[in-house]
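What follows is a pair of complexes built around subunit A, which joins subunit B in one and subunit C in the other.
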Partner chain A sequence: MNTAITTIPLSTLGIGSACQIVSLNLQGLLRRRILDLGMVPGTPVQCIRKSPAGDPVAYMVRDTLIALRSEDASQIYVNPM
Partner chain B sequence: MSAVIKPMTTLEEICTEAEKIRLSNPDLGDKIVSDIYQNAEMIAGPAVIKNSTDSRSWDHKLDDILTSRRLGYPIMFALLSIIFWITIAGANVPSQMIADTLFAFQDQLLIWFELAGAPSWLTGILVLGMFRGLAWVIAVMLPPMAIFFPLFTLLEDLGYLPRVAFNLDNMFRRCRACGKQILTMCMGFGCNAAGVVSCRIIDSPRERLIAVLTNNFVPCNGRFPTLIAIATIFMGGMVVSELQTAVASVVVTSLVVLGIFVTFAVSWALSHTLLKGEASSMVLELPPYRKPQLGAIFYRSLIDRTIFVLKRAIIMAAPAGAITWLLANIYIGEISIIGHLAAWLQPFAYAIGLDGFILLTFILGLPANEIVMPILLMCYLSTGQMMEYGTLEELRDILINNNWTWLTAVCTMLFCLLHWPCTTALLSAYKETGSKKWTFLTFLIPTVIAFIVCFIVAQSARLLNLV
Partner chain C sequence: MNHSATKEHHKLLSEHFGITAIPGQFTVALAGNPNVGKSTVFNALTGLHQHTGNWPGKTVDNAQGSFTYLDRSFLMVDLPGTYSILAHTIEEQVARDFICFGKPDVTLVVLDATCLERNLNLALQVMEITPKIIVCVNLMDEAEKKNIKIDLSALQKDLGVPVVATAARSGMGLDTLRQKLHEMSIGLCTPTPRQISYSSEVENAIQQLLPNVSRLIGSNLNPRWVTLRLLDGDQAFIKSISQYLNLDLHSTRLQEVAV
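Then we have the complex of A and B:
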């Protein structure tokens, strides 16, 4: 099991790279919102673009473009692919 | 068989039970969601045929331009300016037409009232007060809204608006507010009442309140004409006539920028005092760009927004028209009540660079900012009914004859930009927040800021002998 070593926060993913969600370290409303959007463990995610100011960042999840602030994205752990 | 399951009867019971199950097993919710998605994938996998990636690559190309580092902001400002320009330029003619029609009907009403032998005070209150006030609000408010809202809804329908929030979120995050607040501000340019209602799109209650409380700092369609007229007369009047429009545009744009700056400052201050809290999360969907559906745009912008706002404004403007007429036509001694009130406000108004009539006009214009200039002219010309100005030259002569200086102009514009929201916006704030306290603060914060800013400007200008 090398997941522990390669797991990184979603926020550190570079533009264009893809990954798979491992776990969500989020609580409350945001956790539900993220889950509702289909970002469950195992879901593939691709980092698409940064906003002009560098934050938030847009990710492609299940054919939908979703922008997250880096604070929130840093609580989502992923395996780069 | 002793265990009898007691049936649950109230919704509250069911919710408590559900909450209990949820808390006893923290992963349950996640499992349910994962399961739903797995099921959906299983069904969708073989059944749904995906289009080629063509449309998606179009989206990417558009996003590359519209959210790019270099072009993102300029395009945004250009689009907003174009919408303002079309609104201001396009509203003049229909406004005039509606005004002509309604005021012609007013003359007809006067004849009918006379034939019916109505006493002059009744004619005054109902026709010259209430009807004239209403006619004014409709004529000035309806055309710009009927132009602005469809254009704005068009941008919304195209899928561009979420990109604006995407571009600007960082600045709002620094004020611990939500990026979607910019959308409520854009809406506020059309009408602050609509802007306040649109704050519903913000998820976090704290950030939604910030957006409601600061919406008033973007000038609405009702205030733009006043700002433009004064800027053209006083700031434009300082340069040769060819440059007048350009200078006036720069002044109005600077005022808008100042308003946005105040929005950020107040949002920041609120996040650190009354509405203390960390920036909450923001999840923003950037939907694919799509062809606008014109029918839906017209329905949504005209029925949901324009008529909705107009209805609220009319409810407020009718009694205001009647009250204004009464104040202007009841004389105590030699002077009308308006004159007495203005005289009483004079020292206070002078301290903030205005005069008694201007301050009183803003107070009487509380129901709708559109009637501010008409009431002011009514006061200056003591005609007893709201007046229209023929040309800007006429307006300038009237204002200068009433001792306006450049300082009066600057302070009036600042006060107009920053002062309390109209009753329609306040009513919307009350409906949205459901709280008297927050509605009162929606009124109080801009009022205090307007007084402070105008006081500082007026006093410094006088201290430095600039006037």
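Then we have the complex of A and C:
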């Protein structure tokens, strides 16, 4: 797994910032689900908004808004752009 | 298909999928992501000749309809809208089981022209299961409004399967679609869909397992695809195999192969 110094978990991305997916530290069905939604390594992702409690968070992926729990987003590693 | 094989096929359709095909009728499975206008295509092709119900034992809607083209009758089965057919949800399982075990004469995959990239995932997954697939790029009118241009002949060449552009709402492209469905059903067109090559690690594992898997499942299913599911460790799929193919004795051996 690529964990260069610039790589951060997706969950730490601020609203409005964009990033690129580096790796998914997820297993089994959830991993499959995330991949099926088009979140594969290299995909650009933008953080759009947070729910009032801060979890889940909405991300723009390939022109589609996808909400992820922080728990899951923390396992997705990205390079900020 | 000879007479007894046809009878067997109809028995399988009615027992496992609650579908009654009349003799000589072609079956067409309709797959696609949610909200791509799948049902609009379905309605446009079948009109009022529809019958709705549930998949046997599941709370998932099952719509069937028929139409006639060049004196041949076609039974269309509208599968639930899914992003994938690797079966996490009951809808995906229904869609996968029908494409895989229901042996439709053609699987029509409807894509949304305005977000092709995400939609192609499903088309590629279906292409791994069966070569009898037609890709229908729907919502061409919407794409035009958004100034999206699609190079259909390049798409057809890259995928290796027939691609038909439609705007089902206005009826555009439906005639071509009927014609292609007919051509493929009567065997005039046998595409060679592009197959995904995986990393050398995975490909090596496939090559090791493939002869055993082929021996176990015979010509019922695409052995490469079954091997991939085994490598995935997909227990639900192994269950489906024994259920539909009466391979009870072999299911334990399939699991051994998987380990």
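Going forward, the second predicted complex is superposed on the first by the 78 of 81 C-alpha atoms of A that agree within 3 Å, B and C clash if a C-alpha of one lies under 4 Å from a C-alpha of the other, contacts with A are read in each partner's own complex, and residues count from 1 in each chain.
Rule of thumb we're sticking to: a contact is a pair of C-beta atoms (placed from the backbone, for glycine too) under 8 Å apart; a residue touches a chain by one contact, two chains touch by 3 or more.
Because the structure is predicted, anything quoted here is derived from the model rather than measured.
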Contacts of A:Ile8 with subunit B and subunit C, given as first, second, both or neither: neither
Subunit A residues touched by each partner, larger count belonging to subunit B or subunit C: B
Touched partner set for A:Ser51, first subunit B, second subunit C, both or neither: first
Touching partner for A:Leu37 - first (subunit B), second (subunit C), both, neither: both
First, second, both or neither for A:Val22, with subunit B first and subunit C second: neither
Subunit B versus subunit C as contact partner of A:Thr64, first or second or both or neither: both
Overlapping contact positions on subunit A, where the subunit C interface meets the subunit B interface: 29, 32-33, 36-38, 63-64
Residues of subunit B defined as touching subunit A within the complex: 29-30, 33-34, 37, 50, 56, 59-60, 63-64, 67-69, 72-73, 162, 166-171, 173, 179, 203, 279-288
Complex contact set, residues of subunit A against subunit C: 29, 32-33, 36-38, 62-64
Touching residues on subunit C, where the partner in the complex is subunit A: 83-84, 86, 88, 115, 117-118, 121
Complex contacts: residues of subunit A adjacent to subunit B: 24, 26, 29-30, 32-38, 40-43, 48-49, 51-56, 58, 63-69, 71-72
